[in-house]
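This is the structure I have questions about; it appears just below.
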């Protein structure tokens, strides 16, 4: 029932749009309309550009997220376990954090030129911060008793981190990963729109610049759909594996 | 015989479709003016539902509630409800004085007159020195007193109290019991007090209505023949008190 | 501040300075290419020069102006629309699924659409910023209005508060924390979109400055620009946080 209600608005909008274009109310050349967009979608699928661009964007986003998240989690664990380190690094992190990741696009362009590496670099920077903050907070929130137990058992540092700290922090860290995934996709597309000639963002700009609004809408809606799908899939995974914000090892 | 101020006539309350759950069955009670009536029963017997019916927050599926002869279908400032979860019934973004003022604003009291009335009410509940504090800074007992002050600001004719001291520690509870008794006596307020604590009910009430559970119905009604003002120490050791306690104890399920 | 806290703060300053010193050493020793990694002397030096140039302040002003226009219009629209949606469950059931779809959409993806609709000009930039900043505020406001404590609703009914009084005295203050959370996000978004649109449109602004610096290999200018953008991000966020802390001072001290 809820799904049906939710479809009312989009269906009505699409219908109105189609009507407005057909009746000449809006100029179909500049704005396109659902019918043309559907056709363009099939075209983009058929000539492989949709799939290719998706692969490129996903590839860069995934690689960037993996890099940024790995570094972010590592630093987050370090900051969480050693307060002194976190305190000493406070000014440096607070100074670097407000830098908008998009401001680094020109820098990455300068260093790496066009291609995957510059995009991965910017995405990694963007994904680093949420994971750092969330991991640090998650590690701080671990039931102190668990840490004491790990010490009492005489576990090595590596064992402590991999067997106790990371599993305990995992539920919250996963939420951070979900966030980072959304960020990675957004930043990747933004980099492609602004500077990098690969992927869905670039296809979007090309469509607009070559005056093909129907194609532009195809990519725009596809990007939206992907973002929504990624979020839904990860949310389901989170609920499945971790219940409701299951912070199983956190301090009460 | 004086006409009852507040009355419930063959009240019934059911929820659900299939199976249908009967929470209250055939409850009739009357509350006379200036009376302090206590309703006591085990957890889950429906006493809170009964209070909400009396206050107009719920509509009975059977029977009716009348206030001064007129049917009660919706809440009204004349029937002030003091909730058990005081934290949720207060506005955290307003000061203590601001919370009390809310009732005055609702009544349409002129802005200029509000401050004096607020301070007087706060003095009555002993919160005059915390007028500019926010609820988050107050203890549980103080927050409950604030809620009571806010209810008094409504100029109610009946005070409906839903296990108001259930979430407080024993000492605070005793202090507040005496305060409520004092406030009721001084103002001549009519009070309906719901509790699961038998001794509290006997200590405070002029009359105690004991409810049975599943479904909720009236078990026994006793008049409390103890002199006022009551005392936490002596009254609770009084022979009449103990007799009443003994009599009602057997009515309520074991270990309530 | 406690003694340890002061020492740690000083320590973090020392560490930051040490890192900058390391950066300088690496640049001096030629370990990193001066084209890609100018040392702090050149970067901060260029920044200092720029601060004395009218062009810089012009560009800065343009960026900030667009941010402000976009952010403020989004804030107002977001709160108004969000309050309506938040209070009406019925409207929400029709609109929320669409909102859920738009939320993950990268705001920069709509830039080509806006260019087609409005053209490559000033209005497009502000429109894009406003569009992108709208969603966090809208969603935050909806959530804040959705989650009004039901008990307060009952208090409102009991006091016979008018619907407007309920919205202004209960729903809106209750939604404030969520609204501010949305505003903080919107602020970050507005800065990002300002930079992106400026980079794309070639119009005067900080975003344009840094992409031009990159294309002409003026790395010191680029670094200076990045520092300025970071500073803007920091300062605007700080200002908003101060406002938030004042408006929400009733929350008391957060638990450590």
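Lettered A, B and C in written order, each chain numbered from 1.
One rule holds in what follows: a contact is a pair of C-beta atoms (placed from the backbone, for glycine too) under 8 Å apart; a residue touches a chain by one contact, two chains touch by 3 or more.
No experiment lies behind these values; they were computed from the predicted model shown.
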Pieces of the assembly without chain C, by contact: A | B
Far-end chain from chain C, centres as C-alpha averages: B
Middle chain, criterion being Cα centroid separation: C
Centre-to-centre distance between chain C and chain B (centres being mean Cα positions), rounded to whole Å: 49
Centre-to-centre distance between chain B and chain A (centres being mean Cα positions), rounded to whole Å: 53
Interchain centroid distance [CA atoms averaged], chain A/chain C, Å: 18
Contacting residues of chain B [partner chain C, same complex]: 55, 57, 74-77, 79-81, 83, 85, 88-89, 91-95, 102-103, 105-106, 134-137, 154
Complex contact set, residues of chain A against chain C: 2-3, 5-10, 30-31, 84, 87-92, 94-96, 98-107, 109-111, 182, 185-186, 189-190, 193-195, 201, 204-205, 207-208, 213, 216-217, 219-220, 223-224, 227-228, 230-231
In the complex, chain C residues that touch chain B: 149, 151-152, 154-155, 157-161, 165, 169-170, 173-174, 176, 248-252
Complex contacts: residues of chain C adjacent to chain A: 8-9, 11-16, 19, 35-36, 93-98, 100-102, 104-113, 115-117, 188, 191-192, 195-196, 199-200, 207, 210-211, 213-215, 217, 219, 222-223, 225-226, 229-231, 233-234, 237
